[in-house]
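Down below are the structures I want you to see.
Shared chain: chain A. Partners: chain B in the first complex, chain C in the second.
What follows is the complex of A and B.
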């Protein structure tokens, strides 16, 4: 490794390579429940050319490479399971272009959600991008690499990977490629009409290459936002509520929360409905249409809209939701992981009851919820487990609960999202053999030496 | 104990049925009103129980003090006729539950009870409140808001303990001690609801306005008349304690404020609409809010004066949009003292 470290230093500069024990310790783990594993080196490239040079070296030496953005995936996907190099992308944090008229931004592979948000607020106040509720250091590339979702996923077209307008990626053999319109003409406006090769890097958890530039859709930013909170006494009506409200096309974001805490929420699932508008009249109209769509429910007085005083609204408004990060540390002791399950909306009651059973069986605290994706085309259902890292028993029980939740998700007809390596195996066991073969062929074609994030999506 | 002192014979003999005839939300003729009032007094289902928006006003309208509103709420609960969605009511019951963490604490007097509104502490300052102690928190929350949710039982269950806690933790069980109730709702609880249900109040409640009035008299030399025309937004709980109403005028006259002649003030005050939103009566809530704001504007008010924090939060944005400054009564008094 000595010689390789020296070569790495020559590529990115001494300051940006480390094999010190402290650094290895930090990069060996995340906030979740997967086993830590030390990398051999941490490298921070500053450009596409540097990424190419590092990858060529790693490919030549058959050293694993694990791309990492914010490292906030929680499910161990940036833990170097087989050692090698963690390629921390944070230095590649330039915003290359914002096309105001065609509403897209081109950013480097290490640009964080927070940086793009701040940049747009300052330079393009009429535009925004869809933010996940992850802490703002999460990166745009890391998020699309796992099919993330966020506060515009309901209203503006689904998963963040669906909002990608073009990619520049470095292949596991070191070549840089451009995908989408940017491969042919200067603009990064669309993936159509060309054969859609961007999919080779979306949802692959960094196993097919390194995203070095990314075009991402931007959306109009209305001047006002408000929150409606619909409270029910049962999860059973949530799918129909979601169906009706998404049918109005008036809501920007919709998240269901089924939480045992605080105590006053226990047993009362709520639907948080964000509405945006450019004028009071528009807001009143949208809110009125949404209310009308569920009138026959609230008229029974078994569910209804909860008044939210202005001082409480801020807790539900704004992206990312600040309180979610606080909640993630509710057990104190810095442990948090959730099973995100992509599943049809009608599975919500089943997912809730499975989640409750699992939490009770393993005696863990579990908050559940679901972000609606598209016009209710599916949802990202989450079973969130907060645990105390200093409490081994608590961690072990949370790990068992998590594994069981992955299996329950598949049984219910959903698919665990950003699944940990064992969860990926659960998925692969259910997958069509033909699909697995295709994945394997693509992997071996792109990455003949198997250096990219080994241990992930390894179909046996 | 804890049974409403309601006399059916008063209703049977009542000629005017003011409780329903004056109701701003139920359109009814005298004969029909009499039938419905008799149903209510017999403890039967009545359309009033479904149409009532829990504005508290009939407590004030009944010339015999027969507690028609408390009776309505008791019946709504008994017959499970919910004015607001069940999960909202249940979750509020839990959210506002006593925490059981209250303990003895030395306090100085006067003692101001902020109920469940610690966010109002900022107003307890300056020469108006020099030397006072403030108490607040869920363990002393009056719980009267559950009248809006058809949950008399919650008040009945919690209030005896709450009054005891206040007395034993802060007043050394001295029943002559005074507690200044910031919110009309608390004062209404202790002087109207509690006696109506036979709940003992082992201290002397004093309304904030009475206290402010006395202090302002004391500080008279410091007052610089504000020369403002204000719209007073009378809260629902003021209906329980009409005897305190004159203090609004007394305070305004001391600080040089003209109480605008509103259509919706005094006996015809109109609910801010906040509770109606919880009751899913959105059109009515919006209508009330529009009427209130238009009325404030029309009578030339530059300021909208509130005492109820809930009304304040509900209407503040809308008043500001119309160029009317929302202000709490205490802050208006601070302004007059130049503080």
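What follows is the complex of A and C.
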């Protein structure tokens, strides 16, 4: 490895390569519950050319490469399961272009959600991008690569991977490719009408290459926003509530929350409905239409819209929400991991029921909820388990709960999102053999030496 | 280790890397090194790993621990209310543990030894503490209203000495009655404390407190925000009853005593961490600048609680753990100041002044912007500059 380290230093500069025990320790683990594995080196590239040179070297030497963005995936996808090089992309942090008229931004692979948000607020205040419920240091490319979703996923077209307008990626053999309109003409405005090769890098957990630049859709930013909170005593009506409200096309974001905390919320699921508008009149109209769509429920059942004082609204509005990180301290223990399940909206009551059973069985704290994706086309249901990093028994029970939640998700008819390596195996066991064969053929073609994030999507 | 019970509660979510407005990385060490291990969360996780025996003490570990500039951006931005207030305290506690081992990074050891041996981090004779007064009529403290505490950088660094002269002249112009300790002044210990040498800090504090007591000092004007912080927070916590002001506080109060004049300039102000985030004062300096006719104040994107540290805090000014390359905080800060179109980058701390002056040269921006302390700006506006 010594010779390889020297070559890595020649590529990116000595100060951006480390094989020190301290960096190995930090990059061997994430905040979740997966087993740590040491990398052999951590490398911080500063350009596409440097990424290419590192990959060519790794491919020549058959050294695994694990790309990493914000390092916040929680499910171990950036843990180097078979050692090798962790490629921390965050030095590639330039915002290359914002096309205000065509509403897209082109950013390097290490640009964070927060930095793009701040940039747009300063220079393009009429535009915004969809932010995930992750801390602001999560990267655009990392989130897109795992099919993330966010606060515009309900209203503006689904998963963040569906908002990609173009990609530049480095293949496992070192070639840089451009996909989408940017492959043919100067603009990064669309993936259509060309063969959609961007999908080769979306949802693959870094096993097919490294995203070095990305075009992402931007959206109009209305001047006003408000939050409606619908509370009900039954999760059973949530799918129909979501169906009715998404049918109005008046809401920007919709998140269901089923939480044991705070105490007053226990047993009372709530639906958080964000509404945006450019005028008081527009806001009143949208809110009125949403209310009308669920009149049937609040007139006939013990449920309805909660009055929300302004201080409380601020806890729900805005993105990213800082309060979500506080969940890590519920157990006074600095940890949480969750199973995010992509599943049909109608599965929500069953997912809640399974989640409660699993939490009770393993004696763990579980918070559940769901973000609506598209016009109710599906949801990202989450079972979040807070754990105490100083309590090994609590961590072990939380890990068992996660594994069981993955299996329950599949049994319910959903698919675990950004699943841990064992969860990926659960998915692959349910997957059509023909699909697995195609995935393997694609990977063999792109990555003949199997260097890219080995241990992920490995069909056995 | 003190605060050990909090270590596992850091989630390493990374809010601490950015300012509250997300403009860019705002942790000086992480900005410079870019490895997760140098982020506040990474540092906390490594301290825990070290205490658990999962990583060993090494040069790299010490570099990670001592490169923190104690700027408190992490405290401002952390998402976890139960631990955020102690984030820098934890780093200082870890440094204290390393001090106990005696295995310090060379620059840190040398700094502490010089302070121990000579009472100042430059290792110079105490008689040199009066060099900055050459050509000025600055009396020793007897029974004046205030003691003007110059601090190490103001007394020994050429740039700091110029700032000390500016402050003394501006205070005299404003009619403030003050004297200095001269050769009897020693290091205030703020950065000694930040580097974890709490015993040496205690020794310095006791000596200075005795010096203040012997002279009957009741009120102090601190040239440096670092001194101001030490007297206000550490000495007071140790029972020292000192009424301390930063010089900007007095200038803000007494500016009307100075026939202010006019300075046609676009000015951007760099908040010193030990005045701003450490002591929640963002207004005094802006009040001074706002009181001068002709000055147009242009804020940098990172200002007030979001301000970017110059990289000199936490002892880094003397130990240079963060270096001076293009990724250093001071270079970033100068580029940010240039983006405002300002003619003057205003400072209120001798460490910031020196760090940013050097960064302006490194950025080859001497023709675009000049670094001025706010006392110097007051003098310039009043026509009393040099």
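Assume the second predicted complex is superposed on the first by the 459 of 460 C-alpha atoms of A that agree within 3 Å, B and C clash if a C-alpha of one lies under 4 Å from a C-alpha of the other, contacts with A are read in each partner's own complex, and residues count from 1 in each chain.
Following the convention adopted for this analysis, a residue touches a chain if its C-beta (ideal position, glycine included) is under 8 Å from a C-beta of that chain, and two chains touch if they have at least 3 such contacts.
As the structure is a computational prediction, the values presented were derived from the model and not from experiment.
Trainee: Is A:115 touching the first partner chain B, the second partner chain C, both, or neither of them?
Mentor: Only chain C; A:115 stays clear of chain B.
Trainee: A:226 contacts which: chain B (first), chain C (second), both, neither?
Mentor: After superposing on A, A:226 lies clear of both chain B and chain C.
Trainee: Quick one: classify A:326 as touching chain B (first), chain C (second), both or neither.
Mentor: It touches chain C, and chain B stays clear.
Trainee: Counting only touches as set out at the top, which of chain B and chain C does A:31 meet: first, second, both, neither?
Mentor: second
Trainee: Identify the partner contact of A:42: answer first if only chain B is touched, second if only chain C is, both if each is, neither if none is.
Mentor: second
Trainee: Answer with first, second, both or neither: which of chain B and chain C does A:268 touch in the superposed model?
Mentor: first
Trainee: Let me test your reading of the model: by the given contact rule, A:133 touches which partner, first (chain B), second (chain C), both or neither?
Mentor: Neither chain B nor chain C is touched by A:133.
Trainee: Could you list, by residue number, the parts of chain B that touch chain A in their complex?
Mentor: Interface residues on the chain B side: 82, 84-88, 90-92, 94-95, 119, 274, 277-278, 280, 282, 286, 310, 313-314, 316-317, 321.
Trainee: Quick one: which bits of chain C touch chain A in the complex? Just the residue numbers, please.
Mentor: Contact set of chain C toward chain A: 8-15, 17-18, 21-24, 33-37, 42, 45-46, 49, 54-56, 58, 60-61, 64, 79-83, 301.
Trainee: Contact residues on chain A for chain C in the complex?
Mentor: 15-16, 18, 20-23, 25-27, 31, 42, 44, 70-72, 88, 90-91, 112, 114-115, 117-118, 122, 135-138, 322-323, 325-326, 328-329, 332-336, 388-390
Trainee: If we count contacts the way the header does, which residues on chain A are in touch with chain B in the complex?
Mentor: 231-233, 262-268, 280, 284, 288, 291, 298-299, 301-307, 309-311
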